[in-house]
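Look for chain A in each of the two complexes below; its partner is chain B in the first and chain C in the second.
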Partner chain A sequence: MSVPERFERLEATRIVADPGALDGIESPDDGRLMRLAPDDLLVLPALARVDVADRYAIIEPEAGFSAAWFGRSQLARLQAVSAWEFPRHRPAVAQGHLAGIPVKMLFDEGGVRVLVPAVLAHHLEERLGLGDRRE
Partner chain B sequence: MTRPGKVIDFDGTQVPFEAGDTVLTAVFRAGLRPWGGCLCADGDCPYCLVTLGGVSYVRACRTSAVEGMKVASHPSGGYPPLPSSTRAPTGESAVGFEMVHCDTVVIGQGRSGREAAAEAEERGRRVVTLDARAGTEAVGVYPGPEVVARTPEGMARIFSEEVVVATGSVEVQPVCPGNQLAGILTRRAAEGLAASGVDLGRVVSVGRPPEGVGHEPAQGRLVGFEGEGVVRRVVTRDEETGAERAYPCDTAVVGLGSGPRDTLARMAHGLPGARAVGSAAGHLDRPPVPEAGVVCPCSEVTVDDLRSVWDRGFHELELIKRSTLAGTGACQGAVCMPHVRSFVAAGGQELPPSFTARPVVTQITMGEAAAGWYHHPDRRTALHDEHLALGARMERSGGWLRPWTYGDADREYWAVRSGVSICDVSTLGKILVSGPDADAFLERIYPTCISPLRPGRAKYVLVLDERGYVFDDGLVCREGANRFLLTSTSAGAGHFEMWLSDWAEAWKVDVRILDRTASWGAINVTGPRSGELLSRLGAADWLPPFMGHTEMEVAGVACRVMRLSFTGEISYELHHQASESRHLWHALMESGADLGVWPHGLEVLEELRLEKGHILVGVDSLPDSTPRRLGHGWAVRMDKADFLGKPAVARTSRMELDRLLVGLEMDGGPPPQGAILRVKGDYAGFVTSTTWSRVLGRSVMLAWLYARDGAFAGDILIDGRPARKVAVPFYDPEGSRVRA
Partner chain C sequence: MALRLHCPHCGVRPVDEWVYGEVPDPPDHLTGADERDVDRGFMMSNTEGAKQERWFHAGGCGRWQAIERDTTI
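Moving on to the complex of A and B:
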């Protein structure tokens, strides 16, 4: 289905560590790494354990995001509420606002996975009209 | 058989129209001349404004006639009526909106615009063209660059690398006696109407003659127009002989030159990738110095008005504009400014460049202005639906939607004071700090000593800015030798995280900082039976002492358990993954049912914390509240080597204390927040927090009390009633309940 009904809370792992240590982390099988900042990494899905070459690294389960998948046919709909142009290459990671709500986006050939702070997910559902919700 | 044609209703008159007609064309085709002033029929002048579908300031020349359309002209010499209802008509939907991305946007599709678009396309650019005459009207250019446009579908924000402004020229209007009569057209307006097949009757032209319009050219310089409401004669003067001549007419057409239609170009000026082309980049044909007549029809400014302000010393263009309001009306100077510039130049003044242009260039509705903008989002905790299910009334607080009350404040209050209660405190700021410099970093951040804090212990802290003013407070919990959990106020969490990151960057300290506010839920279990409830959920082995914290499972949920108190009773904050909040909440409610567990909202929490004298930063504090003024000098260690704001705290500590946050109590009901304190009839401060204390049976308050002759008086009146200055906490001053 290319149009989701709603955003679902995501289970991931968040690592804040020395940038060099994050460079050495490999993407898990069937997973993705989202480098949110030089010292900040989001690993999808959640990892049971991870080795980070930084003894001071903060490694935490991440329950703060909700996510939904939008098929390629829905990209124009999302682009129409974005003040920044989506990247054209694939795969790609981008961060910005959709309809005034901060999001992180994981693009691949089939579409895009949109991550939104779970505390704001209801707004994005409403602003995108998911599940007939309206603000 | 004749077939009825399509009509619009114009001021109650049924006006037929033809395909492609604008409202203005249809009205002229019907032989009506409702608008005084020289019509440009091109969106520049303010004369053909109408009210359409309850929306005023709509230009008839830019509005296509549609069957059944009801159009009302604006009242002469006044403002159109406001809508009779402040609500949108039932069924009216929001204005459409989209964001568009391209490489080049070309505003205007005259010859220059078409050429610019073609040239950009040849370069392989993705081009968006806008043409006001075709219904896609640019209304503003912003840094980015970004062009905002009105389209038939709604509003569009267009982002591009290049902006080409090809808006053409605006025709110079006549300023002379009679220039507000109906039946006067600019040259291009006459050409357009004639091309549409409109019969203009007997036409007399002044200046450059119109093409394709049968007319009689008037000789000499324009002196004025004559007629009763509608122009009937054009009067000119022979430049050599001075003789005046009147030309009878039905329509007067003026071709007095043009100037750049450059408002958008000026808006775009200096933006990377923006440029004006064609007539929009041209120069003004400055008209003759006006001698008489209306200069600015929008603000009804005459040539005599210009002379009047000139004689009073207003000689600069900007001053004349401000003193007369010429150029500030519906046409934004399109009619008057060429003439005002000529007037100023004739006085010997050097003409400055055109005024700074700011969006928007034409009248738009509030709906159009709001299109695509959203209200500030309110965050919801993971327990939002649980609160609603319990009948909570939600309120905005610190950027969150939080339960204000569950409908029975008595039940909520006494659950805390005599049983057990839970409260969703997920909104508290929660920030992890780790790194070899974490200890030293926090020593510099906070005004209290951090290093002696042992793992498993927590400490209340103030957060000061460089000026020594309190802007937040919270806890520091040491988790390990080099790792801490910091909490902050709900409203201040975002700012506090940035504050920490900025200082870490500035000081080049080796720390990692992660904000957990949105990721962790937090539930405060409070009341004399809170430990009993937690023990039922697997936390029996070891609960931390007051101001201690530990990690343990509660109802199978991994929690950081902090023992502290904001309510004045034993309290345990359970910090956990937000995905587990619902499970934990329900487990607490179910296991505590026989203990009478019941949640409390912010309304009761305010009362509870005030009874304990706990301040709320931002409510009880002012932007210049020092720890000493707040009565929190105990939270500052001046014997520390350094901390943010220390020099300022040292300096202000040497000054006489001018005001103090004090505890007050009084009999009877509580005065409202903000109530004035008076001492001997003089203003002496105000109340910041106030409540009737159910447990104490009197009203208690925190208030700012101003010093009087170097002392803080005790004989205070609030609303004419005596208030007693007392020590805080009001409730359980020994703290025996929270440490039990």
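Moving on to the complex of A and C:
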């Protein structure tokens, strides 16, 4: 389905460490790495164990995001509520405001996975017109 | 057209995503410690031209960036 009903809570692993140590982390077989900043990495899905070559690395379960998948046909709809241009290469990671709400986006050939702070997920659902909001 | 700032991690982004952080720069003729503190805390320099600033990319990578901005453009 290319249009999600709602955002679902995401379980990931957040690693803050020396940039060189983060460079050496390999993506899990069925997962993805999102480099949020030179010293900040988000691993999807959550890892049971990870080795980081930095003794001061901070490795924590990250449960603060909700995520939803949008098919390629929905990209124009998302671009219309963004003041910045989406990357054209794939795969790609982007961060910025979507409909005025900070998101992180993971672009693949088939579409984009949108991560939003969980406390703001319902706002983004409303602004994107997801699901049935009539009660 | 809205101000757009370049983030080395995220790319060019509109100013809405950023939080401004002025770098206090008391003028040289203020020599007393109290005077300089008051100037640093309350007086905007309002520079005309190129200016070093700090901006926090709250809507993106969540990192402070040192940015030189020309206030006349």
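Heads up, the rule we're going with is that the second predicted complex is superposed on the first by the 131 of 135 C-alpha atoms of A that agree within 3 Å, B and C clash if a C-alpha of one lies under 4 Å from a C-alpha of the other, contacts with A are read in each partner's own complex, and residues count from 1 in each chain.
Here, a residue touches a chain if its C-beta (ideal position, glycine included) is under 8 Å from a C-beta of that chain, and two chains touch if they have at least 3 such contacts.
Keep in mind that this is a model prediction, so the values were computed, not measured.
In the superposition on chain A, A:60 makes contact with chain B only, not with chain C. Of the two partner chains placed by the overlay, neither chain B nor chain C lies in contact with A:72. Contact with chain B, but none with chain C, is seen for A:127 once the two complexes are overlaid on the shared chain. Once chain A of one complex is fitted onto chain A of the other, the partner contacts of A:100 extend to both chain B and chain C. Contacts of A:119 after superposition on the shared chain: chain B is touched, whereas chain C is not. In the superposed pair of complexes, A:38 makes contact with chain C only, with no contact to chain B.
Shared-chain residue A:90: touches no atom of chain B or chain C.
Note on chain A: of its two partners chain C and chain B, the one contacting more of its residues is B.
Within chain A, the residues touching chain B in one complex and chain C in the other are 40, 83-84, 100. Here chain C touches chain A in the complex through residues 2, 9-14, 16-17, 58-63, going by the rule given at the top. If you check the complex, the residues on chain B that touch chain A are 98-101, 146, 157, 159, 372-375, 377-382, 384, 400, 432, 434-436, 438, 482-483, 510-514, 516, 518-520, 577-580. Residue ranges of chain A in contact with chain B, taken from their complex: 9, 11, 14, 16-18, 39-40, 54, 56-58, 60-64, 79-85, 99-101, 117-120, 122-123, 127, 135.
Of all residues in chain A, those touching chain C in their complex are 36-38, 40, 83-84, 87, 94-97, 100, 102.
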